[in-house]
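In this document, chain identifiers A, B, C and D correspond to the written order of the chains, with residue numbering beginning at 1 in each.
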Amino acid sequence: MGKTVSDELRHEVLRANLRIPEAGLATLTWGNVSGVDRDAGVFVIKPSGVSYDVLGEEHLVVVALEDGRVVEGDLRPSTDTETHRSLYRAFPSIGGITHTHSTHAVAFAQACRSIPVLGTTHADTFNGPVPVTAALTAQQCAEDYEYNTGQVIVDLLGGDDARAREVPGALVAHHGPFTWGADATKSLEHAVVCEAVAEMALHTLALGTVVPPQHLLDRHFTRKHGPGAYYGNPGRV
Amino acid sequence: MGKTVSDELRHEVLRANLRIPEAGLATLTWGNVSGVDRDAGVFVIKPSGVSYDVLGEEHLVVVALEDGRVVEGDLRPSTDTETHRSLYRAFPSIGGITHTHSTHAVAFAQACRSIPVLGTTHADTFNGPVPVTAALTAQQCAEDYEYNTGQVIVDLLGGDDARAREVPGALVAHHGPFTWGADATKSLEHAVVCEAVAEMALHTLALGTVVPPQHLLDRHFTRKHGPGAYYGNPGRV
Amino acid sequence: MGKTVSDELRHEVLRANLRIPEAGLATLTWGNVSGVDRDAGVFVIKPSGVSYDVLGEEHLVVVALEDGRVVEGDLRPSTDTETHRSLYRAFPSIGGITHTHSTHAVAFAQACRSIPVLGTTHADTFNGPVPVTAALTAQQCAEDYEYNTGQVIVDLLGGDDARAREVPGALVAHHGPFTWGADATKSLEHAVVCEAVAEMALHTLALGTVVPPQHLLDRHFTRKHGPGAYYGNPGRV
Amino acid sequence: MGKTVSDELRHEVLRANLRIPEAGLATLTWGNVSGVDRDAGVFVIKPSGVSYDVLGEEHLVVVALEDGRVVEGDLRPSTDTETHRSLYRAFPSIGGITHTHSTHAVAFAQACRSIPVLGTTHADTFNGPVPVTAALTAQQCAEDYEYNTGQVIVDLLGGDDARAREVPGALVAHHGPFTWGADATKSLEHAVVCEAVAEMALHTLALGTVVPPQHLLDRHFTRKHGPGAYYGNPGRV
């Protein structure tokens, strides 16, 4: 069997996974990032239960988008693999997905509360609250549990790819955050922001919240996203 | 006197102890891990009050399960040694024990509250709340205090080894967490999870909790534990 | 075009920017520090969206105070550049400015609450609460948004340079902290203090606050600032 | 002028100061440790406002217990020097003193609340609450402010050396913690414990506190302190 994905994708997925512990979002082996190659019809994902200390490119697993078959790799993929596959199939613009059990985002998920938009830090990345799904039913848990975990996110967004681009993350009720983006790196960065705004929101709720004006939030989202964006130096550093 | 325990056990117990500060669970010299050799009738434990910076295998102390005698080692064992011995004697399936004063688990212990099951992060490891013991009586404090500290945990679980396997940890009231597992490494990892879910629970309680559906919790516990487990790549990385 | 700023200023601004992640105030590429050369009529600032890991002096951007033109540098300056320019123009004593999205200061900004003076830690640096601005209007957001972000701070202080010296920072409502000082280094240190006192204030509010006596606060501010200051060993280490 | 203090004392005081940032108790240059030589009638203390990054033994300042004169050293001593001197003079058993602005201990000081005894972590070190002083009066602030800061602690303890040994620390109202011990190292360790128990107490108060039985607290204090102590391996590692 020849190589199914480029060295670049493999390298990017490894790097994004290693940024989970670097960003303080990991406990033990928890968390995983994947990146997709739409043309090849596969995605690359972290193996299940492997310590970040020893994780190398050779441990990554390549999985078919079509049926979830392992196409390349010696190890079992992350138990969350089917959740990733479900999201890739529903949202064509997604190029990478990150799942963590980061502390404050999990707290909102466990409280079945969306992370509200309380300021520009949030609006810079998420054009609206980070929403929380319905709880999975007994039937959704009994069969294809992990695939259904993705489906409750798909249902939450009405399967709308445009919404997935505007708010690149969601909380699965009683569980934790999934974030996504144009590629694996972006999905990881959205996981970092999701945790940061969750922590800020928790503290803000303790102080008493004030609804920010929509024109301020819009300004922040549009200066970083869309045709009028003027943030950053993309491709130059 | 010949060597009483294998180099492997000694090495594992040292490694597990050193992971206490690495995981951010240590203040000063606080905390300790032990591992047992049931055939030899002894367990290996951290010495009392030694800094993690200088801790080496030569400092570890070997203690007899039968009577608590020091079988090997020049130093005094952890003051919590008798608590470990009490747990090893009551629960035959326990291979390792960890005790820490990690911040959020101690907060629950000090409030005499169990850590409630609020999501899948908890259910992945603990099949039920991390329970809190009764306070030790004046008599239990006056004599064999440390052994009795183990006994209040044994009493809490009704001496049931199966329960100890399902929920591998408990909070001693007004004191802090003890966790255990199949070996020293597992007991340490359960201490890490105990602190993580305590912190998540504290934040969730501030946001308002929602009882998670039992079918979701069951699914998570059983995908990592028991005959149907499919998490991880045990023995392969 | 010759070099517009001294190597010293460039070096100081780089160093101050790198202290943002070192002090734990950075998420991803967030935050920026600038330093001004009043004689040359320019200030040096971090480029937009560049990772601290790779940031070097060659990436810094030199901007004209007069009109915001980029005078030197290949990259786009921070999107917050116009906010810095607005503050430099309004307050002649400011030599450096820092902006972060540090967690607890942002929480106060999102709650539209000033950081109250609750003790000597605060009074050592800020001679009064760290005040919060009014929210920007729709018109202030629609045009020259970043310049207007500075203007709401200028308005908050009544354009009073003496007040800017006494309380070297402010919170922009729904956004986060801007701090300043005699130079870039001082502005960075004030950002560190702003976050520290915000965290202390949040915890103090949970415990119940007691208004500190003004004579104590005055004593602390004046022992570090002004003609009678006796703190530190300036210029000697 | 010959050397006034031993190399050992100088080295220990430097080491204890450097442990302030290592233990996460420092913001910028905040905090200081001193150690006393009763026979020589002097104590060694950190200089004022020097960064921990560059702090060396040559920067330490030697001060006379009698009158606060600088006996050795080129730099100004910590502004808190007179507070240390006041405590050394009042309590003959104190060999070292540490002052920090650690976050959670400051929160209790700012709320003018003692840190209550909520469990064994506290009782292992402090035989009672860490008490908070009265606020300094206008007159106490106007003259000899730093010496009077020590005096409010002395007054709080009724000048009782035995009490100072039982509870080796206090919170100065609206300010922060001072801790002490048999030597500089012990005083630093008590500062670490003071911050740890303050954080635990804050979280416990949020969960609802339960008064621990006195027999449990006594057991913990006496197993580490006094003639019956059996904790640790003193002098052996």
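Everything that follows uses one rule, which is that a contact is a pair of C-beta atoms (placed from the backbone, for glycine too) under 8 Å apart; a residue touches a chain by one contact, two chains touch by 3 or more.
A quick map from chain label to UniProt name: A, B, C, D = L-ribulose-5-phosphate 4-epimerase.
Because the structure is a prediction, the values reported are computed rather than measured.
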Fewest hops from subunit B to subunit D - one hop per pair of touching chains: 1
Angle of the C-alpha superposing rotation, subunit A to subunit B, to the nearest 5 degrees: 90
Subunit C against subunit A, contact positions shared by both copies (same if over half, else different): different
Chain centre separation in whole Å, for subunit D relative to subunit C (CA means): 33
Whole-Å separation of chain centres (CA-atom averages), subunit A against subunit D: 46
Junction residues of subunit C, two or more chains touched: 206
Inter-chain touch pairs (all): A-B, A-C, B-D, C-D
For the subunit C and subunit A complex, residues of the former touching the latter: 27-30, 47-51, 54, 59, 74-76, 79, 101, 103-104, 106-113, 135-136, 138, 141-142, 145, 173-176, 202, 205-206
Subunit C residues touching subunit D - in the complex, by the definition given at the top: 118-121, 189, 192-193, 196, 199-201, 203-204, 206-210, 212-213, 215-216, 218-219, 223, 230-234, 236-237
